[in-house]
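Input: structures, listed below.
Each of the two complexes below includes chain A, the first together with chain B, the second together with chain C.
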Partner chain A sequence: MKKQFIILCFLFALSVEFTFAVEQRFPRPDFESGYVQPEPTSPAARAAAWQYIDIAVLILTLSLSSWLVLQRRSRNLIFTLMLFSLWYFGFHRQGCICPVGSIQNVVAALFDPAYAIPVTVVVFFIVPLIFTLFFGRTFCAAVCPLGALQDAVIVKPQKIPAWLNQVLGLIPYLYLGFAILYAATGAAFLVCRFDPFVGFFRFGFNEGMFIFSIIIILIGMFIARPYCRFLCPYGVLLKWLSMLSKKHATITPNECIQCHLCADSCPFEAIQIPTPDKYPGDTTRTRRQLYLLLALTPLIVLISAWSFSNLSVLLSREHYIVQLAEQIRLEDSGQATSITDASKAFRGAGATTQELYLQAAQVQRQFKTGSWLLGAFIALVFMMKLIYLQFWRRRTDYEPDRANCFSCGRCYAACPKEHERLRELQGVLYSEDI
Partner chain B sequence: MKEADEKPVHRRQFIKAGLHTTAALAIGGLAGMALSKSAPANLVWQIDPDKCIQCERCATNCVLNPSAVKCVHKYAMCGYCDLCGGYHRPGTKNLDTAAESQQCPTGAINRTFIEEPYFQYTIDEKLCIGCGKCVKGCGSFGNGSLFLQVRHDRCVNCNECAIAKSCPADAFVRVPANKPYLFRGGVAGAEPPNPLSGEAS
Partner chain C sequence: MKIFNAEHIPAAQKVLQRIALIAAVFIFVISAFFILNYIQLKANPPLKSPALEKLYVQLDADPNNAELREQIRALDLLARKAYFTRQWQVNFGGYMLLAALVILLLAIKSISSMTIKYPELPKTTGTSWEVRLMTQKWVGLAGIILLVSVSALALLTRREMKTAAFAQPPAPPAAVVDFKIPEAADIESNWPCFRGPWGLGIAHYDNVPQRWDGASGENIIWKSPIPAPGFNSPIYWNGKIFTSGADATIRKVYCYDAQTGNLLWQRDVTSIPGSPTESIKVADDTGYAAPTMTTDGNFVFAIFANGDLVCFDFNGNTVWANNLGAPDNHYGHSSSLIIHRDLLLIQYDHSAQAGLLLALRANTGEQVWEAPREMGLSWSSPILVNTGSRWEVILSANPNVISYNPETGEELWRVECLGGEVGSSPVYADGFVYAANDGAKLAAIKLGATPEIVWEFNDDLPDAASLLATKDYVFVPTSYGAMSCLDAKSGEKYWLHDFDSGFYASPVLVGDNVYIMDMDGVMQIFKADKEFTLVSSASLGEAATTIPVVMDNRLYIRGSENLYCIGEK
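Showing the complex of A and B:
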């Protein structure tokens, strides 16, 4: 009987150790009952047409946001558009791909010869940068789903000390540097892994991230947009471009009357107040400090670069190949306490240990160069910040700080000139209840 | 008079305009470099079944619960065995559909009689959690017609796939979205795992 034959085959199969699945260990049956073999289903991935819709929505929301911020000047409409973006890019698209994370795809495309970046991702990376270069951070105002989620939970924003604001503001540079290093070496996409909001968008968290997400949201109730201000690596690029932008949101629609009413309206502390007429400090001393800082910069950059390049072995441990090579080395020298799934898979796949070691050495060389550059970049950012603080510019009006202003439009309503403009728009020149 | 008509160019404005142009060129350059390495199709995650070692991380590490990874049955490779390494727990005495006889922790495999002595095994994807216990059993004792695949009606296509990151066999690859499956034994729509294959060149 065939039944017994199959059981015999089964017992035979048990006695032989297979490393590879041999095809058709059991012959294909000849069916006599007219049975037709079904084909396995293969549900399609998201249709290509959708990615063009995503791009269209991105460009539309950015255009609308820029118009609302610069021309229409309506906080309510900006907020409404922000909620739409939160729904579309956040809950509908479930957070991927977002411009913040696309930095890593672009870096991977530039460094990894095997990675071909989808055109959509390039567009998502580039378009907000272009808009920022012309209109300021209107992307942050009403398009970014991460910013929108934080903006929506602001309850009672508190002021934090200026020095703390400056120090925490350096973290995004650090984060950007590490994200680029890890994406360029193919070790990890850190920005995506530590994205605190994507879990809310898809109602699923990885272990550990849930606590981090909740903490960020709770902090965000009292310190407005903590991720945008003190973590977001894409924000670094937007800061630079916003400082150079052709146009930017203004607090007053025409002229500033120095009434000070707007100063407290910004929950992000991005309004710069007018300065005294003359530099309040000692000019000679400041100049001396500036020269000292300029002279020290190359030295500190080199020291930092050297220190970081010494950390490269530690940093490279995140890379899959380095981890695997280390495990195989430990196993082969008898020092390993246990055998991992990864080493079993490696030995099953039939590649030689020598090849693996060569690959790991290659990755570690990349990390050596990368962490040298990372160290230099971090020190340079730190020194540039110190140098920038030595400069003093006379300011007569209340102005948004172009680097840190999210163009959210909260300050419009604080300006008496804005109220005048709105009344004129309505044809009412004077009203009792200003 | 002539001098008064001309708008004076301030040093600060001049520097800013210069930096603005530089930034625009930098963005353009970056876009150009990225586009020269781009593929028209979107990329999605998939498991290379030949690399998969059924470590069961697919069931636990996906951001979705249950996982976007499910077991797929390639019927054309199946031996339709009565004693199925994928269906029955090793050492089971009764070749029946009792829970204690089954490999699958969620009872997601349906065993139906076709004709003597053949049985068809169908995956109920609603119940499947992608643990790969059946895949291991089928691969060790049978034809290997069961294998794990990322199902694209469920996958949200995270930029850093949490399972890919923890996969000990490095079996996760990015494949073009128009050919998103890597089925065993060949099927229309399957491609070798090369992310550049979506490129027109």
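Showing the complex of A and C:
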């Protein structure tokens, strides 16, 4: 009963954030009073010194997290570091720039020569990837504020079917593809727009984002870290690098004794169980399936690319130039229901409609190319997943799934060998430190 | 470090449970307050007070009622105070709530960590093999559903999307123009290229103002903004002024009405075949639109730092466009265009040992001839000279001044006299060609069967500005403000005057006076004479490094932001 009450309180607390969203700007007085309205100014850029401090904190927390995960093997300390990251990168820095969103800045800089990307952003993008390549996803463990917030609200994690976990795990690839397309074309930074946590960090939401955020948090109480597992586009890059990582968190500190006790200890279902000794399927059939998949891949990729490219006009409607051109076209043909501020500004600027249409056509051409690539990429992801599943890898021990393990350290406590290690280290039966 | 011994754990858990409960109640209460506040704000927006609205209505009916105004002000102030007080309360409450959440979370986590959890055997059902089969099935199914959905949507919306697309309009039909090779009189009565007719810096009108002031508006007939930046100078033909502008991403050509200053048309220079996809790097003081345009009265031509070359008719229709290849030029391409009869001449010394002089048919863009120029980079512009017996196009570069037959590209003569980075263009007067650049010398080349240097000058030399030559004098501007006047035939120095600001722009002879814009946007006007006599210093009010267009009672000057028309008011 108490638990339900606490959850209820928590929900109330979340709704509080919503009140910040309705803080409307106070309108200026309606008549002359001699008051001089101050000139609007842009906020100053974050001071260079703070940017260096941010970089230093990022590198320090990543180093500490890697050490805690690989050497110290302390869940409690990982959790403590995670809370610090939540405060520093989340509430203190208000969630920006985060490595997750930095993908878009990097893509925008690659595709738009006029886009200036700060060094800090590049560092925030690259450094977690480098750490992942060496130590696994220790960034997810205790540095990412988005992950930290979700980790902190896990109440009673439930298991979902393994196949569903795998299928939902493909969504981040789609999200990454769309995020790159929209950043490369200058249409939008989707990852930032749909960041469900930044509203918490800044005490401000719009209504749609508030609902989305609440849904993610609610789900996150029972399905651990849903954003990290089923949405995070940066997680895709981390997955790839973690699979290749030089070192990685292990469940057991030395050897697996096949006790099976760790099997259900991971709320993220990132523990791989041992396989049978012999390949249980029909080898010939599997090989035939593999050849079929390999043969079908180019065709599927082409169909998908063609289909997505035919949606390019639809997708390009997120771009402000296309939106403006459509509005102007509607207004000029008498079909517009209202005139927008953007169209008023456009007509006041003296540019011609023809020029606007040319720009919109240019954007749509970019989307055409981008959508082809997006379609091909998505099809390739599905096909590669299916092909990957055709290969049989024999596994004798319980191991973290390197791609999906967040290195959170929850599984340490489930391993008797870990307790043995701690006993040897500290001389106690059960340590407070795991 | 152990905080509690095992026997203390139940008591500690109990304390923590109470803390968690108190925090939860606190959160509940504060949250309730916040929700009420939200509902209240939604229901009663602060400035929608009925009392205030009523007073506004009264004020509309009686706008001069001072007492009413005071009442509104008082009520408005009250509403604002209430609003900001509530905002402070909301912020403070928010932080308290956050603190309570943290306490709650820490308490729960601490309770949880104190609870000894014995490992359990897995509840997981199914083997890795079964999981694999299921995953294969569902990944395949999800993929098929996605592919079919997208394909179906693509097919269903194909027609609609085609209508919604902003198709690239077909290339406008080649402009129909009564093509006419301009006569000398047409050229002299207009300002068709860099430094006026044939690029010689000699104006054919002398009735232009000597005084103006951009700040006060004195003698400023109109000024119009030029949206994109560029260091090129404007050109003029029959009541229309053309100029170009560009940055790393855009390239524009503008056409203004000389009478009113209205922007008649502007065109983006995009989708040029062969145009480099990546931005070219240029120096800030060269920019992306340094070369001055040219016109033959039928078409206007513009070239940009990335090698995009475009031809428009006078109505802004694209006649042809091409890219000459990205120039390998560390400052940025700046040689201006010039027209000889129906040939567009392009000095394209864009790479050491790989320069070109190109002649393209003006109305089609087809190449008529090209002359390879195995010499260094240059930033100067060609001039056209009628020696009396023939036309020559003369170019300066390191180390030669070279003359070509503009009809065929045949080299007529060359004189070695320059060095370093040549930005200054050659000039011609009365049988002499004068060429100079800083770090080398000024050479006076007497034309004839075998052109030869008859005198040299080595003191203050230009690095960007060009010389001005008349029958009697040669004027030598420098980027540090020194201006020399030399005898045209002997090289004798008549005078040297130091101006306060330097010169990137080149001088123009207007009647008996020399007009030259300094880097501060001040036109220095002095007598073209053996004695230095300053006639006037007229300020534009903004920086400028361009050459004025000198027309009948009008000067047209491009500043850093605006195009100015100057005339006697």
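The working rule: the second predicted complex is superposed on the first by the 380 of 434 C-alpha atoms of A that agree within 3 Å, B and C clash if a C-alpha of one lies under 4 Å from a C-alpha of the other, contacts with A are read in each partner's own complex, and residues count from 1 in each chain.
By definition in this document, contacts are C-beta pairs under 8 Å (C-beta built on N, C-alpha and C of every residue); 3 or more make two chains touch, one makes a residue touch a chain.
In this text, all values refer to a predicted model and were calculated from it rather than measured experimentally.
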TODO: Using the touch definition from the top, say if A:Pro118 reaches chain B (first), chain C (second), both or neither.
DONE: first
- [ ] Determine, under the contact definition given at the top, whether A:Arg46 touches first (chain B), second (chain C), both, or neither.
- [x] first
Open item on the list: Output check: A:Gly101 vs chain B and chain C. Expected answer is one of first, second, both, neither. What do you get?
Closed with: first
TODO: Quick one: classify A:Gly350 as touching chain B (first), chain C (second), both or neither.
DONE: second
Open item on the list: Per the contact definition in the header, classify A:Arg421: touching chain B only (first), chain C only (second), both, or neither.
Closed with: neither
Open item on the list: For A:His92 in the superposed arrangement: first (chain B), second (chain C), both or neither?
Closed with: neither
Task: Overlap of chain C and chain B interfaces on chain A (superposed complexes) - done: 2, 6, 10, 13, 18, 22-24, 26-27, 29, 31, 33, 114
Task: Of all residues in chain C, those that touch chain A in their complex - done: 1-3, 17, 20-21, 24-25, 27-28, 30-32, 34-35, 37-38, 41-42, 45-47, 56, 59, 69, 72-73, 76, 80, 83-84, 87, 90-91, 93-94, 97-98, 100-101, 104-105, 108-109, 113, 116-117, 119-124, 126-129, 131-132, 134-140, 142-143, 146-147, 150-151, 153-155, 157-158, 161-162, 164-169, 247-249, 263, 265-268, 270-271, 278-279
Task: chain A - residues contacting chain B, complex - done: 1-3, 6-7, 10, 13-14, 18, 21-29, 31-33, 35, 37-40, 42-46, 48, 51, 94, 96-97, 101-102, 104-106, 109-110, 114-120, 122, 125-126, 129-130, 133, 188-189, 192-193, 198-199, 202, 204-206, 240-241, 244-246, 320, 340-342, 344-345, 348-349
Open item on the list: Looking at the complex, which residues from chain A come into contact with chain C?
Closed with: 2, 5-6, 8-10, 12-13, 15-20, 22-24, 26-27, 29-31, 33, 76, 79, 91, 112-114, 152, 159, 161-164, 166-167, 170, 203, 259-265, 272-276, 280-281, 300, 303-304, 306-308, 310-314, 322, 325-326, 350-352, 354-355, 357-362, 364-365, 375, 378-379, 382-383, 385-386, 389-390, 395, 413-414, 416, 428, 430, 432
Open item on the list: Going by the contact rule set out above, which residues of chain B touch chain A in the complex?
Closed with: 16, 19-20, 23-24, 27, 30-31, 33-35, 37-44, 51, 53, 55, 61-65, 72-83, 85, 114-118, 120, 122, 139-144, 151-153, 155-160, 162, 165, 168-170, 174, 177-178, 180-181, 183, 185, 187, 189, 194-196, 198-199
